[in-house]
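As written, the chain order gives the labels A, B, C and D, with residue 1 at the start of each chain.
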Amino acid sequence: MSKMNKSWGPLHPAVEKTDRLAKTDLSGERQRELYGYLKLNRMTEDRLSNLYRQNKVVGGLYSSRGQEAVSVGSAYALGPDDVVGPLIRNLGTYFVRGVKPREIMMQYMARADGPTGGKDVNTHFGDLSRGLVAPISMLGSLIPVMAGVALAGRMQGKSLVAMTYIGDGGTSTGDFHEGLNFAAVLDVPLILIVENNGYAYSTPISKQMKIKSLVVRASAYGIAGESVDGNDVLAVYEATRKAVERGRNGGGPTLIEARTFRMKGHAEHDDAGYVPKELFEEWKEKDPIDRFERHLLAEGLATQEDLDAITAQIDEELNREVDAALASPFPPPERAFEGVYAVEESV
Amino acid sequence: MAPITYIEAIRQALWEEMESDERVFMIGQDIGTYGGAFRATAGMLDRFGPKRIIDSPISESAMVGTAIGAAMMGLRPVVEMQFIDFIACAWNQLFNFAGPNHYRWGQSVPLVVRGPSGGGVRGSNFHSQNPESVFQHGPGLKIVVPGTAADARGLLKSAIRDLNPVLFFEHKFLYRRPQLKQEMPEGDGLVPIGKANLARVGRDLSVVTYGAMLHVALEAAGRLEADGIDLEVLDLRTIKPLDEEAVLATVRKTGRAIVLTEEQITGSVAGDVSARIAEKAFAWLDSPVVRLCCPDTPIPYSPTLEDAYLPNVDKLVAKVRELASY
Amino acid sequence: MAPITYIEAIRQALWEEMESDERVFMIGQDIGTYGGAFRATAGMLDRFGPKRIIDSPISESAMVGTAIGAAMMGLRPVVEMQFIDFIACAWNQLFNFAGPNHYRWGQSVPLVVRGPSGGGVRGSNFHSQNPESVFQHGPGLKIVVPGTAADARGLLKSAIRDLNPVLFFEHKFLYRRPQLKQEMPEGDGLVPIGKANLARVGRDLSVVTYGAMLHVALEAAGRLEADGIDLEVLDLRTIKPLDEEAVLATVRKTGRAIVLTEEQITGSVAGDVSARIAEKAFAWLDSPVVRLCCPDTPIPYSPTLEDAYLPNVDKLVAKVRELASY
Amino acid sequence: MSKMNKSWGPLHPAVEKTDRLAKTDLSGERQRELYGYLKLNRMTEDRLSNLYRQNKVVGGLYSSRGQEAVSVGSAYALGPDDVVGPLIRNLGTYFVRGVKPREIMMQYMARADGPTGGKDVNTHFGDLSRGLVAPISMLGSLIPVMAGVALAGRMQGKSLVAMTYIGDGGTSTGDFHEGLNFAAVLDVPLILIVENNGYAYSTPISKQMKIKSLVVRASAYGIAGESVDGNDVLAVYEATRKAVERGRNGGGPTLIEARTFRMKGHAEHDDAGYVPKELFEEWKEKDPIDRFERHLLAEGLATQEDLDAITAQIDEELNREVDAALASPFPPPERAFEGVYAVEESV
């Protein structure tokens, strides 16, 4: 275990503890908005944990605690016509795209009024009117699919970019390779955020790959690549913004490695006993929300009262959201048999 | 218009759909400059340009994945597998992504994956497969298996216009058979997906079949006339959704059924059809429902071996005689 | 020895085979330090070391490919799929490489791919699948689906000792059911692959089934006693090669059959079994061969939906009553 | 077309026309042996072309003309206990492993006495007693399989290395990625020869990938990589020899890119009309056998008479081989139904 720890450590370029975040042109107002999404992400997950403990969540529960800056920062750089395919740990992305917490809650609780009406679970839903494509569980599969979204956008004369995510573990799938190479050779505007949080379930990256940073994979496909501090929401935002620009200008795909850490287990049931305690302690110091808070205060972009007000407002909103979600019934059994085939156009 | 072959009919369908609907485009290995390993896309690069005729890397999973993404965005991708056997490398994308998508979150995935399937051309195990047997289980997929030139054209057009993921399995043994040359109907000549065709009306025994085996059945029917046995031949044309009504109707009429298919027998389409008959037309049956398929072996290369492996007219005639006297 | 659960029986089989044959080793995601998502390999890293308990990258195709290579070299790899649904990503390696290999060039590929399959645990479409339906068509593969703890242990040991690629589909709904706790037999307690088990002797109607549905059948049988209907229950245990003799024997005895399985009905194992009955036990049949399966939809998540989707005791009892009065 | 040509040109680092081949310690005798394998490879293929024209070949016919140095040079660096999984264009590899031309001929002609008894086609056969694993058609699939061979060798305490091949086109498959990453993370002695011959069927590498040389892919997995002149048999041999040494000493996998050119169509039926004529002319100058011949003569390692004698001897051998192959009947039909399951140990 301590060997694993050691071998993992150096593979994972240290993320600065410092509060000095990446340079940005984002206004104070927009930075406060970013803060709101970060908090909404975390606070919704806290509510979900409660619901889980109350046995209201039907299946497993997955948390993005400690990684919120990756989802929020990257999604915030997209435009309204862009399309994103988030994974299970990208709650923040859903929120930035306009999804309401009750939608996620109803998904987890398998309720009739959730976006899939109880047919599928957690973040497994999409909605192209909000630029969202649903994942499937098989990791990697979304990468070629989102390459196809990007290709379609270009063929349709839209200037959209497509974005999706993959974990350090998910980079070992065949679809990661085929999808990225395909996107590269077609030069389509695909952004792949590689969320390197050090672990795939219990597996440290030292057992996942022999390389020290995933950004070298970009050169294997001849595409742009950047590695950023994934716990700095501004760094993630800025890297994605540049990638969006590149994509819109015909510069092809970008791979962004966001270095971060998974602060809970793989899922709610997993106590992550295999992760050395010191790592949690180390990364707690680098908490993306705490850091961003300190940044906002230090830069005079928000007062403590502003932040408290944002938090209080989210808290209130979440009360309503939880109530609404709980009020939704389970779907009627007949619905199980409906909707296998499309009979009318979805788009 | 002059009669054309099965493969020409496919090319025509592709060409016409490309002309009439700019959402249609193609992805495949060597489909551009080369015009496709079987020339199904010959001339298309010149006519439609590289944006709509995309020469692909050897990445079947990404080809299908890309098509899924483009389909969700409202386009109509048609993916060519150079040989349909390579669809195995896209299994997950088709079975888990494309098929279940509409059920899961209401988003349609209108795409076609097409390519040459089937044996009899000494292609050995990786250039002769009939993947309908394994894909039939996949919720949300449609599977089409044309046996004639006009059906190939009409069904391919329907497949491209369908809102769902359609697997279009052409039989390469039929591609250039001169006997299959047919005049194409005026206009689109659309053939609906999900509708079987009564290829021969008969009295005594129903042969339910499709693809290359359709012609085996028809030839056998001719030969059996001399015996005074009058075969009815049902060409399924679509495997999924299956035209169960047509299957049951022919069996209820003749009381005897052979399901004749070119696939290893276990887990076959033939087994599935046969099970439906045994469940839903039991009262009409005068004899066992017989599956005439291939043995449960890989597809062998040598002519002597492949001939032993494949169903043929002799084998069918023998089975019919056996069953007729049951 | 104390009775143990189905999953403990699996762990025991793995452990014992690892102890007794140093050629046996394992590849899987999180099977080492973590002991496996379902703890099937708990403690094994400490006992057998990282050379024989290999924590794998998320590369199902490479996991199986690597196992194929090692198996050809004389080792006995056991691959764990974290959920069996992910076997989709290794489809090509299993269907095209492992299965046909011995037929093609005479080289055996003794490997096992095992993992949790099946629904009823609110896993939704990608954590509930039953892949036996699609793999049954693959020449050269063997498929095992134990329904009891002792069978799980005895069949897994047989699978590991088999010279062929064996897909071992465990039913996760059974993993920790206290009702399934069983004392293990002395010694190896090997259960032969390819042999069904007559789980209940009856007179009136045969239910042919396996896996979690075995217990549905047995419970229904108990309930139907009150009706004076005496069910015979055949547990297939192996899907491929299927114990066709046992299937035909029970049907010839009772004259009526329901094939009960937890899979979408089209292209199902149930259909295959049913087709064999309709072909080879026709003369003994007093009523249609009925398949009681799931509808042709993806597997839904919500309890109300999944309950509607899955076969259960009520549905079986109703079918039996219907059929008994045919 | 000429655009394709242009875009392809610079992607493919020019192979020197020069007769100065790579440095080697191989004795004159062993170099003459190498020469024999090169000639055997080419002359067997010429015989196969004849048989094809006489309609004796049942399926398609694939040629490695112009690429013989890759197969022969790499296979020659292996030891007797090493294991190799060749592809369809690696006839030379089979010969170096001791396969007789008649075996290949009978495979192509689907005869009963061929290694698969007519069950499978062309080079689709293996024989572990000669260290040969058969490919399947699905490109890429052999890579993880050969990683497994390498892993098994290590577990069994053998010091073997495993080697296999992939074309430029085949590098786009998921299994290429999964297999190499797997081999890398397990640090097994796998050698992957990437045979970059500029085309995959009709598809130039510019449509296959966006990178200029495939050797960069080695760094994406953290493994050793080298790019060599694939038309210099000594360069291929030396690179492979070093990789074998590395593998035996626990240094893990090596990716070797061999730059070469396919001098015929994809298969016998394909006239390769899509390949600009000038490319053929250019590469004819770099013919690996002619170059090696000039080298042997220039270095005084063989006289023209020596070379002619080798050629004559192979010619005679091939007469016997063709006769023997033609004498073999087609297999009896019953054999179609045999051998699906193994009933006794193969190894």
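General observations
Note that a residue touches a chain if its C-beta (ideal position, glycine included) is under 8 Å from a C-beta of that chain, and two chains touch if they have at least 3 such contacts.
Owing to the predicted nature of the structure, the values given are computational and were not obtained by experimental measurement.
When you average the Cα atoms of each chain and compare centres, the chain farthest from chain C turns out to be D. Judged by contacting C-beta pairs, the busier of the interfaces B-D and A-B is A-B.
Centres computed as Cα averages put chain A at a distance of 45 Å from chain D.
Averaged C-alpha coordinates put the centre of chain B at 31 Å from the centre of chain C.
If you average the Cα atoms of chain B and of chain D, the two centres end up 36 Å apart. A straight line joining the Cα centres of chain A and chain B is 41 Å long. Each of residues 56-57, 59, 61-62, 85, 88-89, 92, 96, 100, 103-104, 125-126, 139-140, 296-298 in chain B touches at least two other chains.
Residue numbers of chain D whose C-beta contacts span two or more other chains: 116, 119-120, 124, 136-138, 172-175, 178, 181-182, 185, 207-209, 340. By the touch criterion given at the top, residues 85, 88-89, 91-92, 95-96, 99-100, 103-104, 125-126, 133-140, 240, 242, 263-264, 266-272, 274-280, 282-283, 285, 287-291, 296-298 of chain B touch chain C in their complex. Chain B makes touch with chain D in their complex at residues 29-30, 33-34, 37, 55-59, 61-62, 82-83, 85-86, 88-89, 122-127, 295-298, 300-309. Within the complex formed with chain D, the chain C residues making contact are 25, 51-52, 54, 56-57, 59, 61-75, 77, 92-93, 96-97, 100-110, 139-140, 142, 163-164, 241.
Across the interface of their complex, chain C is touched by residues 1, 4, 58-59, 110-112, 116-121, 124, 136-140, 169-170, 172-174, 200-203, 207-209, 274, 330-337, 340 of chain A. Against chain B, in their complex, chain A makes its touches with residues 83, 115-116, 119-120, 124-128, 133-134, 136-138, 141, 143-153, 155-156, 162, 174-175, 178-179, 181-182, 185-186, 339-347.
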